[in-house]
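Each of the next two complexes has chain A plus one other chain: chain B in the first, chain C in the second.
Here is the complex of A and B:
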């Protein structure tokens, strides 16, 4: 029963990802990507990681999806402004090389990772323990991540604001 | 300080559980679990569907009375059958989909919105033994499910293939994202002080009475009061209610991102708005108003779900009252209000809650000092920031009207 559910979740997630890559309509691709993220959240739920699943939902489906959608809407002029063929052969070649390099690194990492397999039953971690760990032993890491995200956000604002200033100057001329 | 624990509970309190046992008791285990789940879902749909119908009528009646007119009074006695007439009218209307619209997304948008609004009800404890899904992190679940609202609104605006719909959807998203932050931060103190993310745990933390008469609900603490106010303002904005209803301001924007929706699909959006409002009110009751707890020990004979219902209806009537009273805000005023006022207030409130947590051991006269300091932490930023934001704006002078 649990295995059948897992296979269903995996098929949904992978299918959504695959169709998202092959579609020409960018908005449809993003919506399918969100289905893919939903599938990952469902997988976390299946694995019993409730907190992680809801965080995934809140962060990816709620926030990151909005960032992606806004980025697409603000940069595309029209609905059919999608490249259907690569610009040049060398560009396509480099794209393939980069793609396979990433795939190679990931596959190498996954195949060589020795995952510890425990025979004892998995201890159930409550949200309270999780919170104590995050705010206790791992608080430094949490703060560093928060700092990095804040700096990235400020950088994004600075880039957007400077672009705005150029437009204003052009209008002034 | 839990003073009253009834064992066993009075009959009315156990009635829903007893009826459920009588219906599904003879089944065997996975089937019984399934039957219980289905019955919970059907009950939530039926109760809150009925509440939705009653609420639309109450809203039209109350708005009518506030505006010095009788409101709907022709359908049935006192206009009580108006929701049924409305239902028949909207269900039989033609469903028009624009030719260039994205047919599938145009259909999926209202369905997604309504589904996410309904899913939120699963974790709200309606009574002592009445919670459909008791998760360890149910408050997080509630707000995670609500996150799909934004996606549905974007889908509605984009799939309509209408530039006004798209612009309105972007405006609605700007509003929702702005108010998501104060909404999420306003309940952080509750989680900090009760030490749990589970809704039933938060309700249990508000049990009992101080000095025998003052309920230990979170709203009766300085940080709880501030958190409740921020939560309700953000909830007003998140559920597109007046004075923050400019995503679909009926009189000015031809319903915003809903321009291309008609008939049944429009009703689905309308229902989702009311269900979202009801769910957020239910969460407010759970987080700040003591959940299903009675306000006085002497009133405990009234079953817990009745108390929950009374508090819920009181909040919903408050929503309607606010709609009748306040004028609509402009989009720039709206976002400024969130980012420059509500977000700092909610952040300071987290600090107030931390102070409250650290000073829990103070007793005797120090208790008064604790209350005074926390009250200052709540009131002072409110007054100072309010004055700074409204500087040069008020009082309004009327040049042409006398």
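Here is the complex of A and C:
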């Protein structure tokens, strides 16, 4: 069962995500989102998916956060300016209404659903099993996902490296 | 009514999804919108793990494998999205979504 400590961690995760989405300083938002992703990794660790917890750490806490921080540093207006202008209040209000409406529908649905409860013990999946499945049954999917990653990263480099023509010409002169 | 662990996990993931949804809808900075979408993807991954852990299991590791593929797709989505943000910034010196209206007819 869930312990009080785990519920505390999950609530902290939610709070970090909510505060990160409402702050004006982008750097603080990303730092709080790192806390949120760490909380999700803790959840995976508790659920028995250790490999997923470590890949969450590597991919989100390690890589995605760094890419986002670099994007923020490359797109700020001045050297010290990382705060964004405040958004309109009515938009924020409607976004909150939409979020709570979706949450209400989802919570109503899942609290009234008869979910099948597993009686089997906690499944244990070792990294060896995962590797065997990835290289055996799901090898085609693994190849496709590798292709998608390669194409997406190459496309990202091409998109980010091609600039406006007149700026390029000015630099060339 | 007593809440099972599966329902608690699902409540957590739907709350996280709605935090990401509200963030993506309310902000006009495109980096924050991307981060909101990342949160929503993470909530979906939590659902996969919760159903793998508590649901009836046809194959032992299906949920974990699905999350591995989904994390890979989410990472490539983040890379392409941030490259687009940088490209838009170089074109018009601003990453506000309201000002990115070049494709408007």
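The rule is simple: the second predicted complex is superposed on the first by the 126 of 173 C-alpha atoms of A that agree within 3 Å, B and C clash if a C-alpha of one lies under 4 Å from a C-alpha of the other, contacts with A are read in each partner's own complex, and residues count from 1 in each chain.
Following the convention adopted for this analysis, a residue touches a chain if its C-beta (ideal position, glycine included) is under 8 Å from a C-beta of that chain, and two chains touch if they have at least 3 such contacts.
Keep in mind that what you see is a predicted model, and the values were worked out from it rather than measured.
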{"item": "Partner chain in contact with A:143 - chain B first, chain C second, else both or neither", "value": "neither"}
{"item": "First (chain B), second (chain C), both or neither touched by A:55", "value": "both"}
{"item": "Contacts of A:13 with chain B and chain C, given as first, second, both or neither", "value": "second"}
{"item": "Contacts of A:5 with chain B and chain C, given as first, second, both or neither", "value": "neither"}
{"item": "Touching partner for A:128 - first (chain B), second (chain C), both, neither", "value": "first"}
{"item": "Contact breadth on chain A, by residue count: chain C or chain B", "value": "C"}
{"item": "Contacts of A:31 with chain B and chain C, given as first, second, both or neither", "value": "first"}
{"item": "Residues of chain A contacting chain B in one complex and chain C in the other", "value": "51, 55, 63"}
{"item": "Interface residues, chain C side, partner chain A - complex", "value": "1, 3-12, 14-23, 25-29, 31-32, 34-36, 38-39, 42, 45-46, 49-50, 52-57, 60-61, 63-65, 67-69, 71-73, 75-80, 82-87, 89-91, 93, 95-96"}
{"item": "Chain A partner contacts - residues on chain B that touch it in the complex", "value": "105, 135-137, 140-141, 143-145, 147-148, 150-151, 154-155, 158, 166, 170, 173, 177, 180, 195-198"}
{"item": "Chain A - residues contacting chain B, complex", "value": "27, 31, 34, 50-51, 54-55, 57-58, 61-63, 65-66, 69-70, 73, 126-128"}
{"item": "Interfacial residue positions of chain A with respect to chain C in the complex", "value": "1-2, 7, 10, 13-14, 17-18, 20-22, 26, 29-30, 33, 36-37, 40, 43-44, 47-49, 51-52, 55-56, 59-60, 63-64, 67-68, 71-72, 74-75, 77, 84-85, 87, 91-92, 94-96, 98-100, 102-103, 106-107, 110-111, 115-118, 120, 122-123, 125, 129-130, 133-134, 138, 141, 145, 148-149, 152-153, 155-157, 159-160, 162-164, 167"}
